[in-house]
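Given below, in the form of structure tokens, are the structures.
In the two assemblies presented below, chain A is common to both, partnered first by chain B and then by chain C.
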Partner chain A sequence: MTELLNTLYVQTPGASLHLDGDAVRIALPDGGGPRRTLPLLRLESIVLLGNISVSAPLLSRCADDGRAVVWMSRGGRFRCRLDGPTRGNVLLRHAQHLAHADPVVRLPIARACVAGKIQNCRQVVLKGARDAGDTKDALRGIAADLEDSLAAAGAAEDLDVLMGVEGAAARSYFEALAMMIRKDSGLSFPGRIKRPPTDGVNALLSFLYGLVRSSVHGACEQVGLDPYVGFLHGIRPGKPALALDLMEEFRPAIADRLALTLINRRQVSADDFEQLEGGAVQLTEDGRKTVLTAWQQHRQKERPHPVLGRRVAHGLVPFVQSRLMARTLREELPGYLPWTV
Partner chain B sequence: MTAVGAEDPWPVPLSALEHYAYCPRQAGLILLEDAYADDAATVRGTLAHHRIHDPGHDKRPQVRTLRALPVWHDELGLTGVCDVVEVHPDGTVLPVEHKSGSYTPGGPADVQVAAQAMCLEQRMDTAVPTAAIYAMADRRRHTLAVDASLRERVCATAEAVRAVMAREELPAPAADQRCRRCSMNTGCMPKVLAGTRRYNRLLAELYTPSHETDWDD
Partner chain C sequence: MELLVTYDVATTTPEGAQRLRQVAKLCEGYGMRVQKSVFEVVCSDADWVRLNNAFQRIIDDEDDSIRVYRMDRGSFKSVTILGRARRLPHDDALVL
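Showing the complex of A and B:
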């Protein structure tokens, strides 16, 4: 996996996807629009948002090639994913399970995941402080709090304490996030609300986190890790705990930064959200289109990777980090190093 | 893991001998981690092998050409498939291994084709003193003598592969010029593992606030 391949996102209700030789053919409802085919060779995965149907031949071809097909709700909530067979790296999986069961191994990995998240949160806040007007001091103050949280995470002696540190850091970080949203953007952030989001900013964050999560989950699978056995998030049926562990470091630097850019540059505005009966808020179809286009561009952007010593595209970082996790679990590396910007 | 008796050595794939001779870690990654990565060169090889294994019409009617022939060796515990085995009118058996690249004398392919020769000796109950490698890059057949020292190398390599499988531990990365043309470079991460000083330094700094970063957006 040295080439960053594309992900095909389909969100037009009633659209259907078919296998056409070595390409995927997209049929829009009532046969509208031009004939669209895309070569499968260039696609890493196919993500379907909402009511989209996929032909059985296309599904089985994707399974053969190891190309994931992911179903998401229209709000971007992960529903399921079809993948080829589980990779046969049983020694790695076994090592992962043993590491989960051994607090001496488990705790440092969990700590590292939290540290990576806090480091990146702090960088996002510092960037906000640099661009801020009257909130500069408040943001600097939160950055200093996050430094304390970072030290506390390093000193945490059990998972409960560590989770507490993580929660406190997240609360002050989201306070900072609220300050970083421009007043003239027409949106504001009341703090993190999920399940379901009840305002635009939270709807955007949930949608982006869903995209990050699906790419991290895929990276775990590809490297041969069990996405469901985590270190910080532990194990609970149906919860991809390792994917959640690994995505902590990506939330601030990849998802939140992109959300801030989209809002503050007014690429996404209040018009891009709709409120459902009962109060839940989600992106409109046009809003999703804007976000997905920006997400695809964002994935291509490169940043220096501290461990590899070279620039790596955002979209490939989850693969690099999954490999570092695998090498750590196989005791080839002395510990897990999160990706810090 | 099932215990393996002395008279029942762990079967070693013939391809693993070649992988090990190229780089022990490459063999380890394939055998222990089920990790195989394709690049342009390996895909070219796979496509070429589809053609080779397809029985076409033979231009030399007096030579019997066997394709994709499964072979094994009980005592040495080897198993694999020969690309092409030629049976000449005088009874000579000649394994011909096809390689998409060019030929390196004394290289990993020699070990693989010599092992095929040793398997064929047992299977066809005849001496196979010569083997050949067809290099697609230079469109030439290179013949080599399956002599005592090459046979010794086959046995030693098979033992080494078996040791990797038994230890369940990956051999250290080569981190040299071999890695540049290895399709498994990304998963192996030879440079990161070889330069653990840098890694350890970064690990020690994990809980220290890092320098304020530049966002180039």
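Showing the complex of A and C:
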């Protein structure tokens, strides 16, 4: 398994990145200060938040090395990524397209993605219930509902039913999420609001989902899967359906858990958000810095992987899961097994 | 592996100054500068072979000296620092 390398996040407005030998040189807008360089060797990808310029030589070098460059909006919405030529096996991609076209193969994979998500949601809620005070019973009730949804997802006969089960589970899960945010944190969760998020908690969730999505997308590419052909999510131009399928199981266990920790430990507070014209809310520059630091530390944390039977860092789980998906499509595994906590 | 690279390149001649720039640039591609001619490098065994080879090509054996110390894992994290020195995030987030 590859070593977990670093990701460079650049968010300072007006900064620019240049290639300097085998290093990336960072020019900050104030111009002063010591020369800042980082060895490209230690960077797995470069993530640019907002308008950051990257020199053409650096871009071509990253493309050659297969190092992804990802552009995100300052709010953490994924904009685009630049990657080298599509790697991997054409037979694998062909198998993926055939699986997508065949409902008999497609439905079980979609079911597994939804089941993984609901199971991880349930674990997040159960953990919340252990720590909760007066909302303990309500949370336990929602966990029981999610258990029913899990059974319903396993029995779903077609994709529409499955989508319905997922939607219902997500609604009760987000009710639970609202209860798990401590009252003294100064933030509250009115339910999931996106495009654009209009409160702090939703802004934080959207930002974290953006980060998860870009890492899952990269993992699909690395394994040689086509990120745009999914099983649960339908295909549409420009929609990375497979990345969206695979990230379902990571949303609760990685993004939501981290968001709850940050809020409840007051590492992120109401001051870390700013309101834009039109009502959209996004993280401030300091807030983003806190979240990205926590995210990178979270990626290093290891957890036992139920299928591999050994400990795997959070940051590498998307790679493991993409590989399991590839093996399922090649019919080396009987079915896709989601990552559950 | 974690390496501490220190170098001394004679800069009395223009060629010496050029060698110094080359060594510095090479080190920037492998690690992070902690002092004027001291770098902390975290790399794989293969990278170390490449780095060592590149050093040998650049330096003048008569005038220059390079010392590379192989450190225990975690040494860069536990380093004692005084004054302006800062710990460098070799494995942590790089947020700018």
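The rule we apply is simple: the second predicted complex is superposed on the first by the 337 of 341 C-alpha atoms of A that agree within 3 Å, B and C clash if a C-alpha of one lies under 4 Å from a C-alpha of the other, contacts with A are read in each partner's own complex, and residues count from 1 in each chain.
Definition applied: contacts are C-beta pairs under 8 Å (C-beta built on N, C-alpha and C of every residue); 3 or more make two chains touch, one makes a residue touch a chain.
Just so we're clear, the structure is a prediction, and the values are computed from it rather than from any experiment.
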{"item": "Partner chain(s) touched by A:8 [first = chain B, second = chain C, both, neither]", "value": "second"}
{"item": "Chain B versus chain C as contact partner of A:328, first or second or both or neither", "value": "neither"}
{"item": "Partner chain(s) touched by A:42 [first = chain B, second = chain C, both, neither]", "value": "second"}
{"item": "Chain B or chain C, by number of chain A residues touched", "value": "B"}
{"item": "Contacts of A:297 with chain B and chain C, given as first, second, both or neither", "value": "second"}
{"item": "Which superposed partner A:202 touches (first chain B, second chain C, both, neither)", "value": "neither"}
{"item": "Contacts of A:289 with chain B and chain C, given as first, second, both or neither", "value": "second"}
{"item": "Chain B versus chain C as contact partner of A:22, first or second or both or neither", "value": "second"}
{"item": "Partner chain(s) touched by A:154 [first = chain B, second = chain C, both, neither]", "value": "first"}
{"item": "On chain A, positions contacted by chain B and by chain C", "value": "none"}
{"item": "Chain A to chain C touching residues, read off their complex", "value": "3, 6-12, 15, 20-23, 26, 28, 36-43, 288-289, 292-293, 295-297, 300"}
{"item": "Chain B-facing residues of chain A, complex", "value": "1-2, 87-92, 112, 115-116, 119, 122-123, 126-127, 146-147, 150-151, 153-154, 223-224, 257, 261, 301, 306-309, 319, 323-324, 327, 330, 332-335, 337-338, 340-341"}
{"item": "Chain A-facing residues of chain C, complex", "value": "25-26, 28-33, 41-44, 47, 89-96"}
{"item": "Touching residues on chain B, where the partner in the complex is chain A", "value": "32-35, 37, 39, 168, 170, 185-187, 189, 191-193, 196, 198-200, 202-203, 206-210, 212-213, 215, 217"}
